[in-house]
Amino acid sequence: MRFIAEDAIPRLLEHLAGGGRTVWAPRVVRDSVNTVLFAPWSAGEPVETGAYTHLSAKAALLPPTERLFGFGYLQAAGEERIELEPEEPEESPVLFGARVCDARALAALDALFFPASGGFNDPGYAGRRSGLTVITLACTTCDSACFCSSFGKGPAETDGSDLILYPVANGFLAEPVTDAGSELVRLDLFQDSRLEKPELAVTARVETAGLREKFIDLFSDIDLWRQVSEKCLSCGFCAYACPACHCFNIFDEMSGDREGERCRSWDSCMFYSYTLETSGHNPRPEIAHRYRNRIGHKFSYFPANRGEILCTGCGRCIRGCPAGVDIREVIRTVQER
Amino acid sequence: MPKTEVKIIGFLCNWCSYAGADMAGTARMKQPASLRAVRLPCTGRVNPLLVLKAFREGADGVLVSGCHPGDCHYNEGNYYARRRLEVLERMLPALGIDPARFRYTWVSASEGAKWADVVNEFTQQVKQVI
Amino acid sequence: MSMNDLIPAIKKVLEEVDVVLGWTRSPAAGVAVPARFHTPDEADGAIFDSTCIHNLAVHLPRLKNSKVGIVAKGCDARSIVQLIVEGEVSRDRIRVIGVPCPGVIDVKRAWRCYGFGKKIEDAGGRVHMEGRSVPREEILLHKCHQCRDQEPVIVDLAAGDVTSMTPPPPPDKSGIRERFAAMSITERREFWREQFSRCIRCYACREACPLCFCRDVCSMQTREPHWTGGQVNAIESEMAQQVRISHMAGRCTGCEECERACPVGIPLMLLLEEQNKIIEELFAYRAGASLEDKPPLLTYDINRDGGWR
Amino acid sequence: MIGVFVCQCGTNIAATVSTDRVVQAAKSMLGVVHAESIQYTCSDPGQRAIIDAIQQKGLTRVVMAGCSPRMHEITFRRAIGRAGMNPFMLEMVNIREQCSWIHSGIDETTEKAIDLVRKGVARVRRQKPLQPGSSPVARRALVIGAGVAGIQAALDIADAGIPVTLVEKSPTIGGNMARLDKTFPTLDCSSCILTPRMVEVKQHENIKLMVNSEVEKVRGYIGNFEIDIRKKASCVIEEKCTGCLICQEKCPSKAPDDFNACAGESKAISIPFPQAVPLVASLRKEYCRLFISGKCSVCQKVCPADAIDYGQEDTVVTEKFGAVVVATGFGLYDWKQSYPTYGMGMYPDVINALKYERLLSASGPTGGHIERPSDGKEPRDIVFISCIGSRDESVGRPQCCSIGCMYMAKQAILTKEHIPDSQSYIFYIDVRAAGKGYDEFARRAQTDFGAIYIRGRVGKIYPRGGKLVVMGTDTLAGDQVEIEADLVVLATGLTPAEGAGGLARRLNISTDGQGFMAEGHPKLKPVETNTGGVFLAGACQGPKDIPASVAQAGAAAAKVIGLLSREEIETSPMVAEVNQLKCTGCFKCRDVCPYGAIENQDAMGGQVAHVIASLCQGCGLCNVACPPGVISLKGYTDNQLIAEVVEVLR
Amino acid sequence: MSTIPKSGINAKIPLLPERASITRVIQETPAVRTYRLVFDDPGMMAAFSFEPGQIGQMSILGAGESTFAISSPPSQKDYIQFSVMKTGVVTTAIHELSAGDRVAVRAPMGRPFPVNAWKGKDIVIAGGGIGMAPLRSLLMHLLDHRGDFGRIQAVYGARTPADLCFAGDREEWERRDDIEFIATVDSGHPDWSGSVGVVPGVLESMSPPPANAVAVTCGPPVMIKYTLESLEKLGFAADQVFTTLERRMKCGVGLCGRCNVGAKYVCTDGPVFSLRDLRALPDEL
């Protein structure tokens, strides 16, 4: 195995950023509680490898707002004309310090947005995804919100990662998963090591077996959904923090009367306006309806349509929920019904 | 270095200040070309957010002017406006906007000369801080 | 406070209401989480301690059709009062169980220091986490340091002695508030630009706010009025927040829930505290301090207004 | 399909704004399919050109860049209406009063004009067609003040068959004119002209006269005012009093004689003058022994009609009116503090002209015999000083009183008629005698009646040996002048009547620097005010003489008759509107509405707000009070204002 | 697993619209206008094909996109047509447009009516209000291929005569003798000589035989509800009845999340559903 010393990480990031690529890494925000977020890194800035990021890494691939194209109303020979300028694809970024739960969510996103994986033709996502490098930090510890052991190989999952770093004394053991990863560990920054891979964390578990059908059976039990969502305030945090949530909104914004852009932004199925029709009719008027859809999408509809659960057990929605909602309790309640 | 050209958005009530500005015009009282007036029925229609929006869109200064308190065409509009605008003015420093770039004032339909003074003076003031 | 007072109080109130809003302990989070008690049995799970950080008043407008009991700290009671003043909640459909509050701890900060879900215990004026302990006042929420509302404004039933609290300790002077206060106007412009560049427009600030009662039609998001574009960027997000803050003038009770809810740590209270201070200076008004006072921006005073200038 | 029309206004705009550049710029604005510059858009050919363009190009929205919307908005709304468009799909952009007239550099002025047009285009793009509403009209007029203007207005309106309530603050109608002896330039007897009109008022079946009354509170709006009128207690039962004057004769309490400008003395209970209308006594409690010391009831004892009621209380009458005419007249400037060198009122023989008028009047306290106040002697040398508290910047009163020159000439003539060996001296600044026959009249004072006109101001007046020394400058001769006078008469300036400010406020009429009420437009709306349905007549609007007051009163009456002859009036469509689909039912809008125009309505499965359009006056307070902005002021929506801000800053 | 149709415009970048111009605006009713559009790119216009029941997104750049059923028939190669009812921000903006104005279009999307499977069958059509738009496309397609189908019976209803769209088409349908067409209104008008009565009632009076037939209905929810009851009464089985669903849509390609009913996305699995499919969906309409 190869080893990289903790103090060599900055040099690794500099190397990765060398070609002009954006390197996303966990960074501490100077607010009152030192929140940790993924953010574009620039040389000289510290990187936080010890803590969980409050939001997932998906912003690197699906930015909160993406300009799909610009448009302009032009006038030529007395006639109005419109011009569309599609966005040029960006270069693929590097994702450093993602966790297993971030990396494995890429498969779900790819299936939707990445033509190579059967997704539709989304030039923005595809551009960022095609050459993406994901360097994952393996989890040797976890907290009480983590529940990735419920899914697949849990903390040992390698899907989505190019290189996995295992924390050991004074540094990390580096295990390549893809060719891109193998190429990286050949850098001088890495050296051979005979250290053993550390023991990985074991998280809490929830039982998801049978949930897909159970959900459909319980769909009409509105009292159940009211009960499990009673704490929920219907903000968009859980969807925005989630590595797998991907629903979006499309809208136009003008800058002045002649030019504007069509944007795609993160959207949350927990918002009332999400399904509100112009007639005033809303098929999901109550928080309970929306919460039901959220659970349904993750554990029933997406598995039915794409064969996979749309949750990686990262626990971010639990840690950050301002109302104290714990999706695991919801699943348990549903399963016990 | 004070800026020479500034753009100021004026929110003027139709009944007093807009008429006062007209009067200043009728009397050919020269004023800097900084002000762009938006006519409203009443200062009570001035949402403080319009002021913030104007700053956000790049206004160098924002001036709100209406009937003198007590003379509102709608009896009470400017009483409400005065409260809203005072809170706004005091909030500006915390929002990172120099309060010298904002002013609210009362100019009646017959105070053409006062209007010209207000525009002159406020333009100077904005130039100093921009 | 012991649960010996709280649980019987909830049970008593349950005799006349459909549900009581309170807290219970979450095994996963190691702290209190909001809970609804419908039956006396459920009420046995009720707790109150310094991790009962949530302002449960936020649920009252969402429960328009039921009779509701609510366990309230002094600050929460102000939100309840303001909701009544604003006509969002009718007094006769709620029962307030007042609790004596020693101040609540900044759970987000604690979690950031010690890890999510580590059990937080509050005993003998000290907060114990992971085998370590700190004096409670070192880890209180900022609002608790300047608490003027230890005794709830409205109480139907007191669970414990809500009148005999010790005054809150002064806040630590090294935090973000002091940094902000020392900034020039230009620095503040930069500061907010940077802060709002993190905003993801999840609207947790709004949804966690008990007084943001527009909710589903909130103009932070609408195209009519189109105050702000939908793009998630520093400029639009700041404007969106200015929309909210402007609407909180004379309405915000300073409960700090918006800032607590913010997943990216934007210090919203810097603005709201400033605005609350201005409102109090100008109109001698504190939102939620009295059932009689009229919200200051919905009224005027010919004789006193204008004397400020 | 927006059309932009840029008015050159002759050279008023074109001199400092390149209208061609504005047109070019407008053509590049989104949605603009037509732009042209027109020499005078408001002229008939100008309007024709606009209508043609609308019809040929199928315009659906119009931006007019020209004068202030306060000038011609109505004109152009009508014009585009004639072209078949909704009249409200118009935005006027003010590039004259607020642009071409106040800036000089053509580049900066043009640039600003373009900004303003862009703002107008952005705004009109978001304008929606609006339909005016209607509301019923209360067919009754209120005339406030019963001097000659108020009387004229009341009679004109009443003669048209419309009921009028005429409110007068004092115990009698007649106002200042009733105090005049003769009027210039004809030397008609003032009361001979006025008294019959006063009687006509009293007898008119359509006029309800309320003396001792004041307007206390005003609610409502054009066509539908609801007004509280307070009738002050006079301790005399109006219906019983026969005007026999026995009470006044027997009353032991002396009181100042207001009617005679304190030239004489009156009683606590009195009738101001013999021709008073109504001829009813009233009691002034502040001078009455009964009310001061608790002992006296002489008048009650002597009254043969049993008309005295000491316990009488104020009554408040609330009535609905469709229109209001304000004719509160004028007061006289109090010169005493501002002209300290004139004795500050310590010399009894320095009097104002109104007091002198009473001394001249046969019905006055001296029976028309001129007696100077100090010793009752007949004066021989009389000095008139003009422009006291008018045309005098040093006391902050720059305006001309407009009648001083004429009444000084009149009083000099009358003086000569009364005392043939008298000599009048008139200190003047300019002799302003612009009316019909005025200049001839003023010259006769000199040529036929020997008045000596001295151009200059008087510096000082001081007593010397029973006379008053008047020291002034003859600015034509460049000499100092010193005249020993028996009597000095000051032509004091005019002020609004006492209490007019409060009334203006109650009626939402703005006032000018001197406190006179402001007309809607100095040229085009001389009798209207900015409050719909409220009109001005006489000196409340500014100093003027009798014919001008009467003419304005007639004009105001014509406006009122026009208004009240309709059963319904069109109301502005620019009222608030609730999107009930999104209303949360918080009712902040209702809390701030000054007109009670917002009510709760059961809709959308709950309580939501609803605007009573006929009550809404379009102030927009509700729009701002509504946090989600779902109540919006039509014509001034949030998005329109936001677009204006965004576009003007681009 | 839902599949994303890869025909027409969707084969390219699905979220990038094509520029188009309005060639004609028809005021159908006070609240409905029909817009005929031509792609600015002639090649795109020539290559454009779709099937009845498919939908498209029309946008005014700056105001936003809105979903509409294509109301022209596939045989119409000169233009595509949307009928737009004024309800929200975008549709209000669309109603301000006139011929010559520029718009952007993404189409076609969604599953069409399975007309090829209906060959040889009798067809029953019941439309209400603006819901007639996709049925117009369908009906015209059936008439274009008249020989492929059996008896065609159609009823189209609205609240008042003034609310009925497609006046010219109605005249033709009434005139033709190879279809039975009835236009009906809920409440009549002195000038109205046609049928008065609600769609389900008229449908029952036409008593279409269910054997070897399919019924298609589209319209306001309450009309659909009673029409489905009537069809059941007439003996139509759930797999013989088709309708279209309407949900708020953004992407139109099954990704953005809001139009799903259970696991089905209206934009890609619909908008056409058989009553049998519909009954299998969770109750969240």
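Points worth noting:
The first chain written gets the first letter, and so on, giving A, B, C, D and E; residue counts start at 1 in each chain.
In this section, contacts are C-beta pairs under 8 Å (C-beta built on N, C-alpha and C of every residue); 3 or more make two chains touch, one makes a residue touch a chain.
In this text the structure is predicted, and so the values were computed from the model without any measurement.
In terms of the stated touch criterion, the partners common to chain B and chain C are D, listed by label. Of all the chains shown, the one with its CA centroid nearest the global CA centroid is B. Of all the chains, the one whose CA centre sits at the greatest distance from that of chain D is A. Averaged Cα coordinates give chain D a centre that lies 66 Å from the centre of chain E.
Rounded to whole angstrom units, the spacing between the C-alpha centres of chain C and chain D is 55.
Per-chain Cα centroids separate chain A from chain E by 38 Å. A straight line joining the Cα centres of chain A and chain B is 47 Å long. Touching two or more other chains at once are residues 215, 223-224, 227, 297 of chain C.
Residues of chain E in contact with at least two other chains: 64, 89.
Multi-chain contact residues of chain B, defined as those touching 2 or more other chains: 48, 53, 70, 76, 80, 84. Interface residues of chain D, counted against chain B in their complex, comprise 68-71, 94, 96-99, 101-105, 108-109, 111-112, 115-116, 119, 505, 508, 510-513, 518, 530-531, 574, 592, 594, 617-621, 623-625, 633, 636, 638, 641-642, 644-646, 648-649.
Those residues of chain B lying in contact with chain C across their complex are 48-49, 52-53, 56, 69-70, 76, 79-80, 82-84, 86-88, 90-91, 93-98.
Taken together, the chain C residues at the contact with chain D in this complex read 86-88, 213-215, 217-219, 222, 224-227, 247, 297-299. In the complex of the two chains, the chain A residues touching chain C come out as 29-37, 51-52, 54-55, 63-65, 143-145, 204, 230-231, 233-237, 239-241, 249, 251, 253, 263, 265-266, 268, 271-273, 276, 287, 315, 318-320, 322-324, 326, 328-329. Contact residues of chain C toward chain B in the complex are 185-192, 227, 235, 238-239, 242-243, 245-246, 249, 270-271, 274-275, 278-279, 282-283, 296-297, 300, 302, 305-306, 308-309.
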